[in-house]
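In the two complexes below, chain A is the common chain; its partner is chain B in one and chain C in the other.
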Partner chain A sequence: MSPTYAYYPGCSGLGTSAEYDRSTRAVCKTLGIELVDIPDWSCCGSTPAHTVDHALSCALSARNIGQAEKLDVEGIITPCPSCLTNLKTASHRMRNPEFKARVEKLLDEPVENRLPVMSVLQVLFEQVGPRRIADRVTESLSGLRLAPYYGCIMNRPPEIMDFDDCENPIAMDRLMAALGADIAPFPLKVECCGASFGVARKGMVMKLSGKLLDAAEDVRADAMVTACPLCQMNLDLRQKQINAANNARHNMPVFYYTQLIGKALGLGEDSLMLDNLIVRPVGAFRKMEEVRRSAS
Partner chain B sequence: MKIGVFVCHCGSNIAGTVDVARVAEEARKLPDVAFASDTMYACSEPGQEGIIEAIREHNLDGVVVASCTPRMHEPTFRRTVERAGLNRYMFEMANIREHVSWIGKDIEANTGKAIDLVAMAVAKLTHDKRLTAKKFSINKRVMVIGGGVAGIQAALDCADGGLEVVLVEKTPSIGGKMSKLDKTFPTIDCSSCILGPKMVDVAQHPNITLYANAEVAGVQGYVGNFEVSVNRKATYVDWEACTGCGQCMEKCPSKKSRDVFNEDIGTTTAINIPFPQAIPKKASINPEFCMKLTKGKCGVCEKICPTKAIRFDQTDAEAVENVGAIVVATGFDLFDHTRYGEYGGGRYTDVITSIQYERLLSASGPTGGHIKRPSDGKEPENVVFIQCVGSRDKSIGRPYCSGFCCMYTAKQAILTKDHLPESQSYVFYMDIRAPGKLYDEFTRRAMEEYGARYIRGRVSMIYPKGDRYVVRGADTLMGAAVEVEADLVVLAVGAESAKGAPQLAEKLRISYDTYGFYMESHPKLRPVETNTAGVYLAGACQGPKDIPSSVGQGSAAAAKVLALFSKDQLESDPQISEVDIKRCVGCGKCIETCPFTAIELTEFRGQPKAKVIETVCQGCGNCTTTCPQGAIQLQHFTDNQILAEVNVLCQQTLPNYG
Partner chain C sequence: MTTVLLNKSYDADFVGQVEKESEQNLSLCYQCGNCTAGCPYSSFYDYPVSQIVRLTQTGQRETVLSSRALWLCASCESCTTRCPNNIDVARVMDVLRHMARRAGHKPEPEIKIFWDTFLNSVEKHGRVFEMGLMAKYIVKTGRVMTDADLGMDLLPKGKLSFRAHDIVGKQNVADIFKRFNKERES
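For the complex of A and B:
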């Protein structure tokens, strides 16, 4: 029987990163992972909530955990690392009975806190695994050189996130390699992109994300591949601003890893939404074809 | 029986949280107690004289001292009562410092507990017997385990003192870490020029037998009479015949063997002599890389060797050595930097360790003393040193300071400037710890005369950029983030205990700390002794130590051995097990439990009986709890003595506490 997970798309999944949400659902379906949306889920509080009050912020995620517990599922999964952090932190903190009691009081109902919380990346990497994905590839990505970029919170803090290596994660590298892609040794895998400072202090993002694009260029990547809606947005949507600020001329497509898995598995444009990317990937794909042609 | 009780104040150590006068007062009420008093420092001269006086005046048969741990002063007080004419075993100690005053602040509760402990000691003393030690002769040979500079020093000092020495070294040559160093702080003298002659002395000293490529397999016996079995690992070369000419090395076609001596900077041949000054200067084959041993073909060295020394069929051999004392000098190992993912975790070719850098600096190293980057052989312009890699970092379980990294980093920065005058060194440090003689001056010189730029703060990340590396860290003095571009990064990896140190400790029955460093008997007053008589420590096996301290300790250990051997006979401890022949049914259960194989089966009037080998018994008491008949009793800790203690404790006639 195929494993079933409670799925938490997160607010961005329905808005700015619709292509991440759409491709995630399509890839999971193709690979036999059943997703059930958490009924009546609410926002996880994102970045602001936990800076104000830990108990209140955890209550937001705890509510979603509680909703998921009403389903018959193996665990809770989400594509967004920020939602993941909030869900996992809430679950982790609620191991303390006192804290759990405070949260339950806020929610007016008990939470069992028994379901494991994982990223979609973790499930694809651990449950399905690169080997089985490789077996399903219909359109190899060989010839495409990728810089895998995980962002700073997917694996941190390690004692809470409890997945892959917090300094040198390899899950996305291995999955992309399974698709046939060429993996560049990207040194800034877990560096910060500037996150939501794009609003408050834009210069910060220009500097930090600019560095990431420079580094991707340095390792001769054709494209970057990400797992975080915010990272993707900073690198893709703001790439023009970054170029202007840093006097650079990057033209670096920034994919979600689920889009590339979907592409390699032969899924159609309606589930990948590659058209939604600001930096067009056409050039990268054309180069990929050329490399392949010259190799054969 | 007439017993005297002395309750010690230990200054405020005990008197601060125990009402010592009341303890003495309660003790006075106990049966058999003829005299009780409290005393400021029982161990001081007036304290001891007071005890002697009381014994004489009150005609005491036994004495109880309530004070610190018996580990500290039991021997002191035993000598005291002996001086007053009592048998040294007519003495008991109640530990009211470590067990009472140091662990609680409640004076009422503490006083109650102290009274109980004194009452127990008095009860036991009423069952004590006079015991006498036997004398036994000692074997005046010494074994030194580990041939680093500490072991070499200990071996030479003992040998010069006229003792026969057996030196056991794990690797094919002695010399330890020091033989891999280029120059040494704080004088920048050539390491092999000061160590080399000592190594030659070891080889030539008529009193020293050297087993290189060997390890201690087992240790039996006790101070004065140890029996050590040594496993001599196969080298596949007959060392009697090998002259160290090195012709085999030149011809061996397998050139990709691990170069352990050069810390894996480069490779070597499958048959090799680890370095030109090696002692013994003999070849050995690395079986993992030898084509003859792995694939059955080749054998070039066998054909070329002028003395026909190659023995592909050689196997490990055992040697047994009888010695009276053992000096452990097994040194340290270095932290595995691949555990730091943020520094590349071993992925970046030009991020190397400090000891690898020593090999690059050394004229006898793989680059002939030229500083070249491992990746492309280029001379680096910017060299970044990072201190405290695997030291003072709780998150990776290494909270301690490794002691010598500040100094060797300063040395390496100085040498870098000497080798490459155009280069610039940067040193990321946490604090500079340079307390030795001429040490602070030395680190200052690195900064002031050699222009090394010191940046106070930890490095958070290293990443490659083009063919250089970006080293990102904090400058905590400036309060800013800094980035330095480096051509070569040298990690000052911290010290760890030697691999296998805990296993060796168990063979020797000595203690080690959480990190695997060996524990001295007393951190201040018995720094080279262990808690096992006749086993001494020297060098970095006890904790990170630089060369001056290691050598000092090597000599100190040798002095201890010479002092021990200055007597012809030692006294055995009479606190050992004894079998009551009448009760023993010869079931042999004690034989099975004795961890020291100190019990054997004999026959007495046709019946099987257990017999304790007196010199082997360590007095652990395991057998006494096993014997179904209660036939085997540990002297000075007999069932009756222990029951007497338990009885008083259970009688509840004493004040309640806690």
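For the complex of A and C:
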């Protein structure tokens, strides 16, 4: 029987990262991972909540953990690293009974806190694995050179996130390599992109995300690939702003890794929504074809 | 570089409170500077993160709580990941901003408004409403041109929803905030 998980899409999946949500669902379905949406899930409060108070932040996540416990599932999974951090931190800290009691005082009902929480990336990497994905590839990505960018919090801090390596994660590298892509050694895999400061302090994002784009170009990547809605938005949607601020001329597509898995597995545009990317990937794909043609 | 005179300014209560709320032993910090070396935001801070730890260790309540660094920290967790003494530095930063908030500091008003507006949206709808959040942020800060250029890219892609996604249990979420505020007042 295929494994079933409680799925937490996260708020951005309803808007700015619709393509991540859509491609995640399609890829999981194709690979035999069953997702059941957490009934009436609410926002985890993201960074703003934990800057106000830890019990408040954990309570916002704990409500969703409680909702998931009502389902017959083996764990909770989410594509978004920010949601993941909040869910995992809540679950981790509630192992302390005193803290759990404080959190439960803010909730309508107590939570058991028994379900493991994982990223979709972890489940695809550990449960399905690069080898089985490679077997399913119908449209190889060979000739496409990718800079895999994980963002700051997918794997950190290691005591809480408990997956892959906190300085040099490789899950996405291996999955992309399984699709046939050429993986550039990207030195800023876990550097921060500027997070949600794009609105209030744009300059910080211009500098930090600008550095990431420079580095991707330095390693001759045709595109970046990421697992985080906020990173993707800063690098893709704000790329024009970054070019203007830094006097740069980047034209770097920034994919969600699930879009690329879906493409290699032959899923259609309906599932991938590549048209949603602001920096159009046609050039990168064209180059991919050229590389292949000259190699054959 | 400011000189801190410890004979008069050491606030032991402050140190105790930070240690208790963060569950971290600050005296373990020997100022190796690893946290600062990896902090992507160092160049924007008034005090780099290792100095925040040092100032906290030496009980400099006012200096620490009024610091801009607390609001500019993105919780990227690189300090926590790299501290050789296993101090959860990002958690200390979080606890310090909780205290700064409670003490009424707001040296970075736009950031505070952005965060508050975000949470208000969650409190009201159960989920954050991106378009509404931006509109409110712009009204509250008066920064009308904030990201106006991005709308042109977002709208045709249907990436911005004009409708809030209210959840059925939005009252449960509102109640979490209500209980939290009540706990805070008592």
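Keep this in mind: the second predicted complex is superposed on the first by the 296 of 296 C-alpha atoms of A that agree within 3 Å, B and C clash if a C-alpha of one lies under 4 Å from a C-alpha of the other, contacts with A are read in each partner's own complex, and residues count from 1 in each chain.
In this section, a contact is a pair of C-beta atoms (placed from the backbone, for glycine too) under 8 Å apart; a residue touches a chain by one contact, two chains touch by 3 or more.
Everything numeric in this text was worked out from a predicted model, so none of it was measured.
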item	value
First, second, both or neither for A:E167, with chain B first and chain C second	both
First, second, both or neither for A:N276, with chain B first and chain C second	second
Partner chain in contact with A:D218 - chain B first, chain C second, else both or neither	first
Partner, of chain C and chain B, that touches more residues belonging to chain A	C
Chain B versus chain C as contact partner of A:R63, first or second or both or neither	second
Which of chain B and chain C A:G15 touches, first, second, both or neither	second
First, second, both or neither for A:R156, with chain B first and chain C second	second
Touched partner set for A:P187, first chain B, second chain C, both or neither	first
Chain C-contacting residues of chain A that also contact chain B	166-167
Residue ranges of chain B touching chain A (in the complex, touch as defined)	340-342, 345, 347, 463-466
Residues of chain C touching chain A in the complex	40-41, 43-44, 72, 74-78, 80-81, 88, 90, 94-95, 97-98, 101, 108, 110-111, 113-116, 118-119, 122, 126-128, 130-131, 134, 137, 146-147, 149-150, 153-154, 157-161, 165, 167-170, 172-173, 175-177, 179-180, 183
Chain A - residues contacting chain C, complex	11-12, 14-16, 18, 40-43, 45-56, 59-60, 63, 105-108, 152-153, 156-158, 166-167, 190-192, 194-202, 204, 207-208, 237-238, 240-241, 275-276, 278
Interface residues, chain A side, partner chain B - complex	165-168, 185, 187-188, 215, 218
